[in-house]
Each structure stands twice: as structure tokens, then as C-alpha cells.
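Pasting in a structure now, in C-alpha cells, and then I'll have a few things to ask.
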Amino acid sequence: MSNSQHVLADVVGALFSEYASKRGIGKVADYIPALAKVNPQQFGVAVQTLEDEKLSYGDAQVRFSIQSISKLFAFTMAFAERGENIWERLGKEPSGTSFNSLFQLEAENGIPRNPFINAGAMVITDMLLDDFNDPIFELLAFLHNLSGCNTIDYDEEVYRSELAYGTRNAALCYLMKSFGNIHHSVRQVLDLYFMQCAIRMSCTELAQAAQFLACRGVNPLTNTEFLTVSQTKRTNALMLTTGLYNEAGDFAFRVGIPAKSGVGGGIVGLIPGELTIATWAPGLNALGNSQLGIDFLEEFTTRTGLSIF
Amino acid sequence: MSNSQHVLADVVGALFSEYASKRGIGKVADYIPALAKVNPQQFGVAVQTLEDEKLSYGDAQVRFSIQSISKLFAFTMAFAERGENIWERLGKEPSGTSFNSLFQLEAENGIPRNPFINAGAMVITDMLLDDFNDPIFELLAFLHNLSGCNTIDYDEEVYRSELAYGTRNAALCYLMKSFGNIHHSVRQVLDLYFMQCAIRMSCTELAQAAQFLACRGVNPLTNTEFLTVSQTKRTNALMLTTGLYNEAGDFAFRVGIPAKSGVGGGIVGLIPGELTIATWAPGLNALGNSQLGIDFLEEFTTRTGLSIF
Amino acid sequence: MSNSQHVLADVVGALFSEYASKRGIGKVADYIPALAKVNPQQFGVAVQTLEDEKLSYGDAQVRFSIQSISKLFAFTMAFAERGENIWERLGKEPSGTSFNSLFQLEAENGIPRNPFINAGAMVITDMLLDDFNDPIFELLAFLHNLSGCNTIDYDEEVYRSELAYGTRNAALCYLMKSFGNIHHSVRQVLDLYFMQCAIRMSCTELAQAAQFLACRGVNPLTNTEFLTVSQTKRTNALMLTTGLYNEAGDFAFRVGIPAKSGVGGGIVGLIPGELTIATWAPGLNALGNSQLGIDFLEEFTTRTGLSIF
Amino acid sequence: MSNSQHVLADVVGALFSEYASKRGIGKVADYIPALAKVNPQQFGVAVQTLEDEKLSYGDAQVRFSIQSISKLFAFTMAFAERGENIWERLGKEPSGTSFNSLFQLEAENGIPRNPFINAGAMVITDMLLDDFNDPIFELLAFLHNLSGCNTIDYDEEVYRSELAYGTRNAALCYLMKSFGNIHHSVRQVLDLYFMQCAIRMSCTELAQAAQFLACRGVNPLTNTEFLTVSQTKRTNALMLTTGLYNEAGDFAFRVGIPAKSGVGGGIVGLIPGELTIATWAPGLNALGNSQLGIDFLEEFTTRTGLSIF
């Protein structure tokens, strides 16, 4: 690809128009009422280069429930705080199929496969409860800092709804606690975990917030290093191998960039040294990832020639 | 075997003396402090024939924590109340190995294998919460009625201790709830479940209480039918195939009678039309059943020639 | 039940007439062509008491492919030969669900759960290859001896058909060999295994052949002890807990007698000290057992009151 | 990193000297005698840049058994031949833990997780048997073409040894055949599969042979396109997510480059647009990958700053 910003805008703009006609494909998450009522016709894309070119399309400024994308930010907070010690209670490997999530956790003595599956994110949450006096406040402050926008908050209704329906996550958390891998009460962990999931951000905010992962760990808004170069590379590697649940391999194959998705329909990805990109379309595929988002990103890397491989 | 009562007393008496020298084998359950402090040297045996011969040896009058033996009584209460409808939420098959208990429950949509594993007993508990206003009161009343002894109660310390350490059971219960197979709150279910487990009875009380299973469903103390003939046979079949956790097959092979065990070290068994027998020795084998109890029962059926096969 | 033979004949005769109207229910095994072409309308029942009353109905004299019922006879041959040593390479526990048969075998280091699942029967076959110069000849001779009929043989077409389609059994056998639990070549083991499965017998022959299991191990035709009293009881216990694949618990619950089934549609069962019974109806239920056979046997034990429980 | 070739040679040379002192760590594969006798003190490294700088150290010219590295070349042959159609019989996802390899294959109807686990490579082998008259000849010709060395061949002793001990692979292959996912005979598939595994190449040959994966699919020796740009990226993505068995996530995290390993102790990796690298040290870690090789590669990417992330 030519590095000309003009060309990037042309390519992405044309691509957005093309894929916008497919709005509504997939199935909106309906396991809680608060998510089920989201309008499936929404579609937003934001791209931000390291030269600070910012492109946004469609509903890129609309905030949505970031859900599992919050696992990326919670993980980086714990990683920055604890370094490689976090791996005593967590793995770095893909999780295999969803049908055996509890099975793996049981067979592997309550050590979750990686920080981007629910069980792993709960262990990270348990760490944050140790490391910060008011972890949800700190996590929001971190996001304010990364995105430059201090109105980012969690949605009270989604949070309460998740808590009420979160029996499966409670099972995972109690199972880990039975192995001694959860230190706080299950109630405390689920409480903070569901607050994180309920955070609302827009595509443009996500593209800005992920910049540090494309910039060797440095937040370009403040010019401060949040992760070391090595930690940043490692986080990106982890996103590539485990960021899209059981579709991570297929996503790496088709799209080829580190990314993290959420059941709210958002995906945030990046090409180190080049750019960050965030998409949002609420309709999910059978594996729980935004169907239009993945299709768009595949074509984006194909047409621009941008890829890490 | 000769049916002479004199002979039975001779055989069992000699057998008890012989096995009493092995008191203390196995390992006392130590997952909660209240159980760990039980004196491992205790050993009791009670036999009660249908002709009302009652034999008791050693610590047969000492009450102990019946633990999973309570599952037998809770199950029969629900079975008497609901009949074959209970199988909509429960299986009747052995559970396979312990290492995949959560796995099976997940793979089989939250339907436990049988009422004598923990998950199955929690479903029964959930049913009792529907069927009775004060289910622990009713269960104790049932046991008073069966045993003729109205001081049987649960142990407050053991109950609280189980609740505090019951994270794995909480995981099982939440998992079933996530499949819709638990109707009450997990807290309510665990509360009642652990009260049941904490009930204390002696060998002589257990041998009396199990008489109805050897008597075609009729409680001989009151001459009232609690289960039908068919239900009684079915309960006995279920005990044979699933009553000793993952050791049920081996126990059937070696001992050959329907029985139910508990981690408190008790076992209650019966030969339909002949007798009931209860043993208690706190030391457990690797599969969580009373080691001395099983050894004694194997020799008991071998020497008396009593067996269902 | 009255012990009058007259009454037994009346009850079973009426029962047969009633259930004969349901001929054809279930689905004939079709994994090999040789079995798929069996006429599903056939139905036979044979009962033989220890007082030598012999009752037979319908197609009780027609020979059919005994399939897994052969596991019972192969097991008793190995058990008689080796005694309790066979358990070094085999378990005695139920196998859990079919969906994890290879999984269990792998997780448990190539030790099959019991001798009545395919993997376990292949280990028994491997033992017979060690213990006898011409094991299929010996097994047939054993059956001739037990049944009093020396024309019992295996079906060449079924045997070849099984070999040709036996990829899954080959997988099981290679897996066990990889753990060192198969000593002969997989080819030799499968060859003998499929010959056994292809043996053809009738209900009357099966009811006669199983008599020793109801007679404390003694073959009444020759008055010779084949198994000890203890071995006989143990074999019966094993049949009860594991004889009907993953339906063993339900069968024990509903029917309540030791039995062994085969995908050819046969079931042979017994009540120790009373009688043997064999049924044949080719239509299978979802778990691979004769649907009409199980229904008939349930009603048989209900109406006669005969049961081990 | 500076792109100066001089600097690269300096860094790698210093690194090699440092790690050469650790020769012998890990445990040589001993599942077949032919591999067990390899001298564990050997260590070779070859680096080849796209500007054709070739660096080699230690035993870089010694040929060794490439084992699973052959899966990379067999896969690319099938991928070039069949394109995206190969995914009808294969997945692209990581395989989860080794303890459930047969379990996954069974649960997922005989469709292997990816082409780099044994089961997946056997499906690829089955495809090659369809696509080529003499597939081992074609595969060797392909390697001659890629490496510029026409003496590369397979080792007859290793091939025969693998066949003789390959019971577990036979189990996998029969299981897939039982699901219809192997079209040729298991014997044919295993035969070709083990020939591939027994191919011998050196580090310098591997570094040369992998060049096309760093060069957008073009073999620089012949200037012909073997894979399209898109296919090349996809193959690299697949290597990153699944190339090191169950250690792929950890390797991506620590080393951060697409790579494929074998139990012979070889690893071949690449940085697209930059270079290829091959290491060989026979001692394996607990997960079956060359321990010294991984350690060296981690430090190589750290010191040079080369990484895809």
C-alpha cells in the first residue's frame, strides 16, 4: 500500500460504502434484555494511523457496550502492574472449543487458558481487586487517559442485567475459587467483572485507546510509556492467538491482525507501527463475533495490503 | 445361609471382632475442619433382620455425620412425592469418573447423571424446596418416623463449615442454574443441601431407617407404605448402580448389595426381604468410601452367602 | 409370584401375545449390510427355569447374530482361566456416555472401563489369544457345551462385513496398543473379536447357555462347575452394572435383572436361583438395545414379581 | 534493528556463542530407537535474509529428521493444489491440550483442528495421495526445488521405525476413517505420512526452503510463484497460531514469529519481508519442542528487535 493518507481514506471510504449495504447481518446478542434491544442496523468504523490521521464512518461516534473488549484493557492494567508474575495464575494458550470450557478449567486445576476468555478475565479482575483501592474507578481513569475522553462510563442497566443472568460465569468463578485461584469473594469478582463488561465506548474512542499497542506501549496523547516494548509485543501476540475466542485461528488466517472482540458487536485491532482500527456492528456470527465487522476487516487487510504476515 | 438368627449373630460377631483389629485404616475426610477432627479409631456395625433381630457392635450407637447417605432419604421423599416425573430433571445412570463431573453436567445440559451424585442431590433439594414449606423439618420428621427416634438433627457446626467451603458445589449448582435446572436461588439450595449432609445418625438408627427398602416400601414401625413395591425395587436398583460414587461397579462386584455411602464413613445397605446393615468407620479409601466398611461388607456377604446375585 | 410352573407359562404366554403386536418397533442396526437386511418383524422369547421348565414363543428357535452377547461368554472363559488377575488390564465400572469412549480410554491410559464395552472385550480377546491355541474353536466348543447344541457357529458374511467396516474398533484397539494394553497384533485381535460377534444363536440356545449363571456357576447339562459361586455372583453383578452399555442404569431401574444385550437385537438375562430368559427383536432403541426386548422384560419382571431387588 | 548485514551477523554470532554453552539441555525424543540415538550435543543455526545474506553456525549443515516440519511443506503443496477447498476436511484453529486430542477429533466428527497436528497432517497426506501419482517423489522434488539441493531424501530406518511404533497415529487415522475423513487405506496414509516425517534436511536447507514464505509466495531460487500473496500470508498466520503444538500461544508470546517445529529438534521460522531462520538442537522440552531452539529464538527476536508485532 502507498503510505499516502489520501489513498487510505479512499480505500476505507469505498469499502465502508460497500459493506454498509450489508448492515443487519448476523444475530444481536440476546442473553440479556439490555443487549437484545440494540438496533442491529448500526455500523461504524474508525481508523487512526500513527501519523494521527483519523477516519470515521457511519456510527463510529455512537457508544456501545464493549463487553469482552474490556478484557484487553483490564489485562494491560494488570500486566503493567505485575509483569510476568501474572502467568502464575493464567495461561497464554488458545482455549480450544467452547463446549469444554469448564472441562478444561477443571482438568487444568482452575488455571484459565488465557486472560481473554471469561475465566481468565475473572482472574485478572481478582488481581485488580488486590492492586487497586477502587479498581473500576482506576479502569475508567485509564480509559479516559487512553482515549482522551473522560465521560466514558459503564452502563448501570447492562451491569445489573449481566449480574442477574450471570449464572454460568458464577459457576466458572466458584470452580476457580474451589482450586484457590480466586482470592476475593465470588460476589466481589463478578461485580467488578460485569461493571467492566458494561463499559460503553465508541469506535473512535476505541481506535484512540488502542493506539499505545501500535506505538510500542506509549500513549501518544500523553507521551507516557504504559507498557514496555516487550510487553506490548507480547500483548499483541496474545490478541492474535486468543483475542477472538474460538475463532482466533480463523481470524488470524483471514484477517491477520491482533484484535479483540466483544458480544456487543465491537472489534478493535491494530497493525503495529501503522494504525489502529475499530468496527461496530451488533449482529454476531455463530461464534459470537461481529459478522459484518470480521467481513469488513478481512477485506480491509486484503485491499490495503496491510497485515503483519 | 441357615436362617437361624443364632447363626447370623455368631457369624457377624466373629466378623466384627476380626475386623475391629483393623480400626483406623484409611484417611478421615479433612475438607472441612468439623469432619477432620473425628477420631479415626471408631467402628460400628448394626444389622437388623426383617424378623426384627437387631445386632449391634462397637460404636453402633454413636451418631456421626451421615453426609451423602442423606441423599438416599431426600431422594425417596421426592420420589414418593413426584413419582416418575422426577426423571425429567435427572438421569438414572452411573456418573463415570470424578474427573469429568463438571464436564458431564455441561455436556448433558445441566441434567445430572443420577440423584446420588452431588449435582443430582441438589436437583432433588431444589424439588423439596418446591414440595414442602419447611423441607429440613419434613426431612427430619421423616427420619424420626423411619428410625423411631425423634432426636435426630443436623449439626450446626458441620453445616456452617460445609457452606463456607462449598465452592465446588456452588459451581455445580450455578452451572445447573445456567441451564435452567435449578429453580430456587443457589443460596437456598446449598443451604438446605448442606443441612441434609450435616444430619447425624448412628448405625442402629440407619439400619432401622432403611428397613422400608428391604420391606417392599413399608415402614415396619408404623406399618405404612412409604414407597410402592415398584418404587422400592427401583430405588434399590439405583443404589446398586450408583450408590457408591465411582466405586459402585466395584462394590457391586465385591459386595453385591444395594448400598449408600457418605464421606463421614458410614455405609447403609440392605438385602431385600432379608435385612438391613449399617457400618461406620471414618477412614476413607481413595474413592471417598469407608475402607473398613467396604472390607467388612465384602466379607459379610461372602461368609453369610447373602447376596442379591 | 406363585412358584407354580403353570402360572409362569400363563403369565409369559399372555405377555408374549400382547407384545407380539408391537413387533417391528425400533430401528434395525444398519452399520453393516449383513445386519441391515434382517427382517425387523421377528420376535422370540425363551424362558428356562432351574427346575428345567422351558418356555419358548415366536421366533425363539431362529438363530440371529448375538454380537455383544458374545462378550459375556468370552469374559467368562477368561475369568475362569485367569481369575482376578484379569483386572490388571480392565476395570469393573460403568463406562459413562458413549460420546466419550475414546476419551475415557485415553484419559485412563488404555485401560477399558469394563469387559462388556468394545474396548474391554478386545482386551479379553487379546487374553484368549494367549490362553488358547485356537480360541474361536474353544469359544464355540464352550458354547456347544453350555447350550447342548454343537452346530453353533459364526457367520462368515457378518464377520467379513464387520472387519471391513470396523474402523472405529480398529481405532480403539490401536489406541490400547499404544498404551501397551494389547499384546497381539491389532489384526489378530480384530479378527477374533469379529468372529465372536458374528456367532449365531437362538433364544432357546441362549437361555440354556446362560443357565450356569443362575446355577451358582454349574452347567446343569454336564453338572460341572465352570465358575465358582463367588465368580458367578461377580459376573452377575457386572452384567447388572455394565451389561447394557449406557442404558445399564436405566435397565437395572426398570427391569432389575443381570442381562447382556447385542446390536443384533438379542438380550439374555437371569434371576439367580430362578431362571434364565432370552429375547430377540431386531429393532433397536437410540442406545442400541432391543426396544421390544427391554419393554417385554420390564413387564415380565413387573407381572411375575421376579426381581433381584 | 539496523538493516546492516554486518550488524545482523554480529548479533547472531554473539548469540550463538552464548547459547552454544547450553547444548544438551532438554530430552531427546526416544519413542523410536532411530531418534533416541541422536547425539544431544548438536546445535545449529542458519539465518537467510531476503537480501540473500546467509549466516550459519555450529551444526547448521548437518541433516536431521525434520519430522513435523514436513507438515509445513506437505500442507503448502496441498494448499497450492486445492486452495480453500482443503478446509472442508480440516480446521484452522489451535488444538487445545494434548490430553484431549482423540477426544476433540471424536467430538468434532473426525475433522482435525488444523493441518499441523498429526491428525490434520494425515488428512493432508490423504489429499496428496489423490492429487499426485507418486506423492513422496513429488514432495521430495518440491523440497529439492525450494532448497536448491537435490539430495534431500527420507531416512529408511526412521520411516520403518515410525511405522512399527505408530500405533497411536494408526488410532487417529482409523478414527478419522470411521468418520469418512480418510479416503485411502490407513496403511497407505501412514506409509506416506511416516516417509514425510523421516525426511532429513539441514538448517541451511530449511532456511532456504522456507524463503518463499518470507517472499510473498515466490521461490527466489527459481523466481516462480508457488503460493499467492494471500495464501502465503494465511500460511504464516496458521504457523503462528498452530505451528508449535500446544506451545503455539506461548511461542507467539515469547518469540513472536511464524514457525514450525519437529520432534527431531528442528524449528524453522520467518519474518515476512525480512528473513528466514532455522535452528536445530535435539533436546526437547516437556511439550515436545526444541528447548534450546526456543530459548535461542526468543533472545534472537529480543536482541534484533525483529518481530511481527
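Note that the chains are named A, B, C and D in the order they appear, and that numbering of residues resets to 1 at the start of each chain.
The rule we apply is simple: a contact is a pair of C-beta atoms (placed from the backbone, for glycine too) under 8 Å apart; a residue touches a chain by one contact, two chains touch by 3 or more.
It should be emphasised that the depicted structure is a prediction, and the values quoted were computed from it without experimental measurement.
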Third chains touching both subunit B and subunit A: none
Farthest chain (mean CA position) relative to subunit D: B
Between subunit D and subunit B, distance of the C-alpha-averaged centres to the nearest whole Å: 56
Gap in Å, rounded to a whole number, between the CA centres of subunit D and subunit A: 32
Residue list for subunit C, restricted to those that touch at least two other chains: 99-100, 107
Interface residues, subunit D side, partner subunit A - complex: 91-97, 99-100, 104, 107-108, 114, 230, 232-234, 236-238, 240-242, 246-250, 252-254, 256, 258, 272, 302, 307-309
Parts of subunit B lying in touch with subunit A, wherever the complex brings them together: 99-103, 106-107, 167-168, 170-175, 177-178, 186
